[in-house]
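Two complexes are shown next, each including subunit A; its partner changes from subunit B in the first to subunit C in the second.
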Partner chain A sequence: MVSRVRAELRKLLGLPTAWVGLVLGTLTAPAIVLLNAPYTRRAIAAGTLTDTSDLGLRDLGVGLIGPMVLGVIAVSSEYTSTSQHAPGARQLTATLTAVPDRLRLLVAKTAALVLVVAAQAAVAATATLGLTQVLHGDHVPAPAPARVAGAILYWTLTALLAYAITLITRNGIVPLTLLVINSTVVSVSYLLTKITDLASYLPDIVGAQMFIRDADFPVEIAPLTAGLVMTAWVAVLLAIGAVLFQRRDA
Partner chain B sequence: MNVARAELRKLLTLPSLRLTALLTWAATLLLAYAYAYADRDAPLGDAALAPLGYTQAGFLVLGVLAAASEYEEGGQIHTTLLAMPRRLPLHVVKALTLGAVTLPVAAVTAATSTLPAGGATWTPAATAYLTLTTLLAAAVAGVVRRAVPAAILLLGLYFIVGPLLRARPGGIAAYLPDTAALDPPRGAAATVAWTAAALALAALTFHRRDA
Partner chain C sequence: MITVDRVSKTRSRTRILHDVTFEARPGRVTGFLGPNGAGKTSTLRILLGLDRPESGAALICGRPYRKLDRPLTTIGALLDGSGAHRARTARAHLRWVAASNGLPDSRADEVLEIVGLTGDARKRAGRFSLGMSRRLGLATALLGDPEVLVLDEPVNGLDPVGIRWMREFLRNSAAQGRTVLLSSHLMSELAEIADDVIVIDKGRIVARGSLAEVTGDHRTLEDAFFALTATEAVRPW
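What follows is the complex of A and B.
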């Protein structure tokens, strides 16, 4: 088990695109806090910011492209051709030769992804929230540990969501487009909440309620319930992905 | 002319392009409906163009897939260059055919978004913008040569960096390629300039680099 996870970790961290995700995801949120500091300070002074306890946690959202890229690339890299001159040669063939038990392979891959993303989320959250404390410490209360844990869980679950969708589509472009569009400032899921309250239970909307309080969510969901609903989404998609991975020809 | 016909046939027979165009149009239809529906009680913004703000992602993907398909497994680019060794004319023809193929898709998508919201005057401009966006994406993918990294770059720029920069007053955001809807004259100029620059860079690298 340990050697499989180590192999998957090495494969993931050996991908240049994974490092794009790691660097982007870790640095974007702290950079935004730094860039927005003058505007935030003015907004606090003017009293337009009603709940400052959300401040750093809310900025964390822009870093989510990191876990998305990592989740997608962990699977799609297995399916892209290794060379222009060797049509049909994909890394997955070698991977399955080394670990023929597909379920064990998937468990190791998932574990490696969770380890990398959780570490990235912890670093990004520490940097973002620490910077918020340094810049606006007088006005912003230190975030509760439970909310920080919720944010780290949200990042990890987002990566797993991307990973599960890619397991189903076996192609990186589709989940990437879907997820990146949906992480823009006004997301499609948010638009849907304007049409039906049911959209509040979409994974990205419900997951955010684990650690963000002051937002115009049409349905208030307790953090614990929110975490459970998002976990359920990820679990269902992962189960579908795992069954397909086991049954389909590689 | 033969080159154009060959390139056209290659583009029209790529299943991924057909699928992307279809999904993009369907997503636009859905979003246009969502905006029309939501507008009744709480306006969410300019319903004529807002759906296109999201579904331009489909056109980015269209450009990326069209350009990156040459570099996928099998190395189709080698065959292409064997048949047509003069790279710069080939590059021009590739851009023109992609534009010609994209134009009807862009027109239908733009009309789907603008007509229900009563913004028919926007349709030609939106069509041109979406076509140029596709060419820009194709140029970037031609330099990067791999579909997924090119898509990460473009989608990150259009959907994460762009909105973040625009949220700040002033600054450089007004000169990004995707601001055409916000500030028509300058935004259109920015879109054209970025696309032309990207195509020129792609032509240069295509001309100089080993295939």
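What follows is the complex of A and C.
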């Protein structure tokens, strides 16, 4: 078990794309806090910020691209063609000949992803919230540990969501594009909440309620319930992905 | 020891393997011969637990591949390509594979040396030539010093020196008591290294036995092959 997790960690951290996700995901949020500092100061002075305890936690959102990239490529790297000489050849062949028990393999892969993303989230949250304290400490209360934990959990579950979807699609481009667009350009899930309250239970929307208090959420959901709902989404998608992975020919 | 017992497989509603049955024994090189599309790769993928048979079983030392613990110490496989992600160096690839089976990092450099890739250890797999990829794939197969070797068209893409090297390597492996199973559509190649031959055509085993038995009354293995697979030479106009 330990050796399999070690191998999966090496595989993931040996990919240049993984480092793009790690660096982008860790640095974007602190950079935004820094860039927004003058604007934030003015907003605080003018009293237009309703709940300053949300401040750093809200900025964390832009870093989610990191967990999304990591979750997708942990799987998609197995399916990309390894060379032009053999278009059908993929890393998955090496992976499954080394660890043929697919359930054990998925457990190790999932564990490696969770370790990497949780560490990244902890670093990004510390940097973002620390910077917020340094810049606006007089007006912003120190973040509650439970909310920080909620944010780290949100990052980890987001990575697992991306991972599970890619396990189903076996291709990284479509899920990564959709997830990144949904979290940056236009949030389709957010638009859906304007149409139906049910959309408040979509994983990305509900998950944010674990640590963000004041936003125009149409339905208020308690942090614990929010965490459970998002976990349920991830669990169901992971279960579907795992069953397909188990059944399909490699 | 490899045992394939009445393996059948259907793909896109066509039966591509019909009750495929054969053995490969320790200390011998077993050649798996058949024309393009006969079902060689399909059979080997089932043997390696990558694809599932519809019925029948394929066993390595009495156990299905998926039930092997630390399989690389029992069996090494070489399929199409190297199995290394393009962005990884040869050494990084070999190290993660070694780690997954509890083997030390030092094995990576040892197998690179065996296949003659020491100088390319830090090169990314995506930059490898066809022949270098084959060698890296073989290096991966050798990590756990396995007693069984399964190779799909191992000389594909190798230069004459590489082909001779591969031939000697496989002969030596068998001489040391290993089980060696290799597929090929090159009859002259197989005739030079195989002790036993299995001939597959359109998903059915049409002959199996020692090289002499399969060649039978025919002048060469090639003649026997054409007789067995009833492939008609295309008549020039």
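Quick note on the criterion: the second predicted complex is superposed on the first by the 248 of 250 C-alpha atoms of A that agree within 3 Å, B and C clash if a C-alpha of one lies under 4 Å from a C-alpha of the other, contacts with A are read in each partner's own complex, and residues count from 1 in each chain.
The rule is short, and it goes like this: a residue touches a chain if its C-beta (ideal position, glycine included) is under 8 Å from a C-beta of that chain, and two chains touch if they have at least 3 such contacts.
It should be emphasised that the depicted structure is a prediction, and the values quoted were computed from it without experimental measurement.
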Inset, instruction - Determine, under the contact definition given at the top, whether A:H85 touches first (subunit B), second (subunit C), both, or neither. - result: both
Inset, instruction - Give one of first, second, both or neither to describe whether A:V69 is in contact with subunit B, with subunit C, with both, or with none. - result: first
Legend entry - Which superposed partner A:R6 touches (first subunit B, second subunit C, both, neither): second
Inset, instruction - Report for A:T17: first if it touches subunit B alone, second if subunit C alone, otherwise both or neither. - result: both
Inset, instruction - Please work out whether A:A250 is in contact with subunit B alone, subunit C alone, both, or neither, and reply first, second, both or neither. - result: second
Inset, instruction - Please indicate which partner A:D101 is in contact with in the superposed arrangement: first for subunit B, second for subunit C, both, or neither. - result: second
Legend entry - Intersection of the subunit A residues that touch subunit B with those that touch subunit C: 16-17, 80, 83, 85-86, 88-89
Inset, instruction - Show which residues of subunit B lie in contact with subunit A when the two form their complex. - result: 31, 34-35, 37-38, 42, 44, 54, 57-58, 61, 64-65, 71-75, 77-78, 146-149, 151-152, 155-156, 159-160, 163-164, 167-168
Legend entry - subunit C partner contacts - residues on subunit A that touch it in the complex: 3-4, 6-8, 10-11, 14-17, 77, 80, 82-83, 85-86, 88-91, 93-102, 249-250
Legend entry - In the complex, subunit A residues that touch subunit B: 16-17, 20-21, 24, 28, 32, 35-36, 39, 62, 65, 69, 72-73, 76, 80-81, 83-89, 172-173, 176-177, 180-181, 183-186, 188, 191-192, 194-195
Legend entry - In the complex, subunit C residues that touch subunit A: 45, 48-52, 65-68, 71-72, 77, 79-88, 92-93, 95-97, 99-102, 125-126, 128-130, 133, 140, 157
